[in-house]
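Below, chain A partners chain B and then partners chain C, in two separate complexes.
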Partner chain A sequence: MPMTDILNALVLLSNFVLVPGLAYGSQLALGALGVTMVYAVLRFSNFAHGETMSFGAMVTILMTWVLQERGVGFGPLPTALLALPIGILGTVLVCLVFDRFVYRYYRRQKAPPVTYLIVSVGILFILSGVVRFVIGPQDRVFADGERFILKARAFKELTGLDQGLAIKTTQGVTVVTAVIIVALLFWFLNRTRTGKSMRAYSDNEDLALLSGISPARVVAITWIITGALAAIAGTLYGLDKGYKPFTYLGLVLPIFAAAIVGGVGNPLGAIAGGFVIALSELLLTFAYKRVIAYLTPGDWIPDGLVQLLATDYKLAVSFVILVIVLLVKPTGIFSGKTL
Partner chain B sequence: MSPNLRTVVLFAAMAALLIAVGVIQSVHVALAIFNLCLISAIMTLGVNIQWGYAGLFNAGVMGFAALGGLAAVVVSFPPVPLAWAVGGPRAILGVATGVLAVGLAILTWKKMRGSRRFRGWSAAAVAFAGIVVMRLVIDPAVEAIEAVEPAKTGFLGGLGLPIMLSWVAGGALAALAAWAIGKIALGLRSDYLAIATLGISEIIIYFLKNEEWMARGVKNVNGLPRPVPYEIDLQQTLWVQELAVRLDFNVVELSSIIVKLSYASLFLVVLAVIFWFSQRALKSPWGRMMRAIRDNEIAAGAMGKDVTWRHLQVFVLGSAVIGLAGAMLTTLDGIFTPASYQPLRFTFLIWVMVIVGGSGNNLGSILGGFVIWFFWIEAEPIGLALIELLTLGMAQDSALRLHLIENAAHTRLATMGVVLLLVLRFSPRGLIPERSK
Partner chain C sequence: MGFLSGESMFGGYGGADILQGCSIGVEKGEIAVVVGPNGAGKSTAMKAMFGMLSLREGSVELDGREISDLPPQERVTLGMGFVPQNANVFTSMTVQENLEMGAFIRRDDFSATMEQVFSLFPVLAEKRAQPAGELSGGQRQQVAVGRALMTQPTVLMLDEPTAGVSPIVMDELFDRIIEIAKTGIAILMVEQNARQALGIADRGFVLVQGQNRYSDTGAALLADPKVRKAFLGG
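On to the complex of A and B.
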């Protein structure tokens, strides 16, 4: 079997599984980090997280339009990146307002987790209504700048292979941003005093209180981080796939799946979970026909598409993984360690 | 105010609201809302059996309602003989293979209790092999069935039985699914149970959307037979024409009102029966035991109650009621559209109904179903009117005004959220609270 065939097969897999998987995985990982932070510190499953992401993306889009109208651009990169700080600010504000006027009351009551869950459903309704009211239910494409970092044709000319490899700017931006954000988050949690106090609070609330850690401050910082993560994840997802208000509710489940697969409350697990979910969705629904054709000697080509599951079932894969993990090992892969 | 008086006043207010809609908008709108209020109330009773009686958080309401809808298609639609001829038996055999594969996988899991390391992998291997065999059996059948007049049928069709039978069938199908789901998921903590059931309900919808040989998937099944006469037939009937003359009504309008009223009376009977049974169950020793389990599982367990089995029982019962309501909804619509099942509308909205009405109280659940459905529909005209009032000072073609008016319908989502949060905060036991004895 010639070397080029193996390379072609690898490029084919990279183009359709690895590159989109890394981008989607980063988006899920950022979303799952938000869910996990809330779970670790505030101890409930936040059903409204998807809508919070949608809200962040919406604020960013509105700001992007303002910038675009004034003729401000970001060169080859999407203008939305310039607008993102405003999106983060808006989302953080909303999170803090909801905490002050809604969640705080239940915290003082020491309400059971299921009450928080129902409360977060109420917030889910409010946010989804606000988003649809402000920006409307239509699809919005707000990515501008250069479309591709690497075009398929350029790749073919460069390497002389039959298969092309394309990397969209939004995919590159997603992965780079995710790496920066995750590095910052881990630096904060492990190296700063505030981060350490958060971990202490999450580990043992009473002991943290005795050590003089202010719970109000820890909770506020948790919401700031959660809001920022949600806005970033929401914007990156919207940039990459186009912004549709109602996809975000559907995104809650893959995000929960990612958080739970890695072990809820564990940030490292959330990241790993994001990639596990994204790659399994793509690997299970990828048609291996051409890859097999390259890897087998001669001109033999398989009859069918050699696809484990129809592409329609892509999202269902994450639900199935979610359910299986919940049933078999609800503590996740990295069980035991939180924050 | 005494609790009884409070209940009467609240229900009277609800009736007044519906009558007001009948007078201000039209009798059609009021009756259409009323019919869906009845169905919502039944679904809410189902969720209340699970949450109010036993404290189980089922976030999979949508899935059970959709299974009820599937039952309506399977029971009532006339069979498609050609599709049965080309692939019917083989498709059934395929489904049986799938069930067998899952059963064998579970058996493997149970029998290999000794070897912890290989247990999961062996069960997975059995399941995978089973699915491959199932695909080999079912795929050609599916292809053949879906090729039979794809624009009109392309599925097996149903049994061609009266559609009202499907209400029972929908309940039974949902109960069966709930039994399987409950068997595996009920051991989970409350929030994990919610996430798992939400995930499972999405899987059910995916399945219904994509398995076109069963109920046409996203191509929808329309023209389901009705349990009540058609308007067009009524218009030809003598007594309807006479009644129209006597009431000084348009015949076309009257026939449509008669149809809606017939649905309403059917639904009312079902609601009354389910309410009666729910009330009996709640007041029986069984209901007291359920509440004891809800309030303190460990204590109830120590008293010798089988908590797991009772949870499963109540989960199945509640889901059956939801499935029945789902079948009724599809009957009323006359069309089965898998893509219309959205968690916001079919799971979370029903939850708002239960919480607002008063969890643990059956009358409260019925009221919650009525109130929330009423405002879910009426929030749109009310919101629109409010926005028009607020923007009266603006120019007629102001961009902001037009945008607000265009998106006024979406205020209903936010309204539901605000109502839910307000009730949770200021009246956490709902409009008609559970009575503690």
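On to the complex of A and C.
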């Protein structure tokens, strides 16, 4: 078997599984981090997180339009990156407002986690209504600037292989942004006094109180971080796949699967979980026909697509992984519970 | 009756009062020990003095100042330290981070205090980068006491510091507690191991059903045949 066949097979897999998987995995990881932060500190499952991401993306898009109107661009990068700080600000504000007027009430009542969960479903509906009211239900493509970092044809010319490898700008931006945000978050949680106080509060609320850590402050900072993470994740997902308001509800499942697979409440787990879910979805729904053709000697080509699952079953993949993890290791890979 | 004192305290967790008018106090540099049978209200009395339980009647005074209405956090800023009986360390955080969190309210440089804690409990210096949850029971108690010392308290309250540790570790912990008291800190503790605890106590309080049954110096209580018979197993 010639070396080029193996290389072609690898490039094919990279182009359709690895590169999109890394981008999608980063988006899920950022989303799962938001869910995990709320779980670790406020101790409930925030089902509104998907819609919070949608809201953040919406604010960013509105701001992007304003910038585009005025002819402001970001060179080869998407203008949305310039608008993102406003998106973050708006989302943080919404999170703090919901906390002040909704969650705080239940905190004072010392409501059980299941009550918070139902409340978060209510907030999910409010947010999704607001988003549709403001920006409408239709699709929005707001990625501008250079479309590709690496074009398939350029890659072919460069390497002389039959298969091309394309990397979209949005994919590159997604991965780089995710790395920066995760590094910042870990630095904050492990190195700063405030970050450590959040971990302490998440670990042992009563002892944190005895140490003079203010719960109100920890809660506020949690929402600020969650809102920022949601706006960034939502915008990156929208940039990469096009902004469709209804898709964000569907994102809640893979995001929760990612958080639980990694160990809910554990930031490292959220990141690992994000990539596990994303790569599993792509690996199980990828058609291996051409990869097998390259890797088998001679001119034999499989008759079928050699696809384990139709892409329609994408969502089922995260669901099945979730069920398996809950059966086999309910605490997740990193045995989470605290930050 | 002391630097920290609770006078005629009545209170409980709703319903019937657990504390039925008991009084407890401790002077600076002294060790006061509260003993008594299960359900006598020992831990409840400690919680009441630290503000984790509001009193229905009676008062708590620190250095002559009435503090009955202050929440626990404010009592910490006034110089009170508390080591709860259970869940008294941040298990997922390192020993050093536990001590840093103990010093959370301090805005000044607390590295000297941390060194003092490390010289008091040398094993903690060795394990400073290890999560507190991975330590043995005795080492955990040391972290818990160290955390409370980080605010440089004038009063240290300990709720059964030797619960669940071996007799050797218990002796070791008591030695450290004596050392802490010698630096001028008032120490008030509840103990299950009554005989050993009264042995190091300047003052002892025997509580029964939320009331003071006997109050005297530790040595006098140990020598009292009635106390020995009823509470120390002869």
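We adopt the following convention: the second predicted complex is superposed on the first by the 337 of 339 C-alpha atoms of A that agree within 3 Å, B and C clash if a C-alpha of one lies under 4 Å from a C-alpha of the other, contacts with A are read in each partner's own complex, and residues count from 1 in each chain.
Methods note: contacts are C-beta pairs under 8 Å (C-beta built on N, C-alpha and C of every residue); 3 or more make two chains touch, one makes a residue touch a chain.
For clarity, every value in this text was computed on a predicted model and none was experimentally measured.
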| item | value |
| --- | --- |
| First, second, both or neither for A:Ile333, with chain B first and chain C second | neither |
| Partner chain in contact with A:Ile118 - chain B first, chain C second, else both or neither | first |
| Which superposed partner A:Gly212 touches (first chain B, second chain C, both, neither) | second |
| Touch count on chain A, higher of chain B and chain C | B |
| Partner chain in contact with A:Asn204 - chain B first, chain C second, else both or neither | second |
| First (chain B), second (chain C), both or neither touched by A:Leu89 | neither |
| Chain B/chain C common contact set on chain A | none |
| Chain B residues touching chain A - in the complex, by the definition given at the top | 57, 120, 184-185, 188-192, 194-196, 198-200, 202-203, 206-207, 209-210, 342-344, 348, 351-352, 355, 403, 406-407, 410-418, 420-421, 424-425 |
| Residue ranges of chain C in contact with chain A within the complex | 72-73, 76-77, 82, 84, 87-93, 97, 100-102, 104-105, 147, 151 |
| Chain B-facing residues of chain A, complex | 44-45, 102, 105, 112-115, 117-119, 121-130, 132-134, 136-137, 246, 249-250, 253, 256-257, 260, 310, 312-313, 315-316, 319-320, 322-323, 326-328, 330 |
| Complex contacts: residues of chain A adjacent to chain C | 193, 196-197, 199-200, 203-204, 206-214, 338-339 |
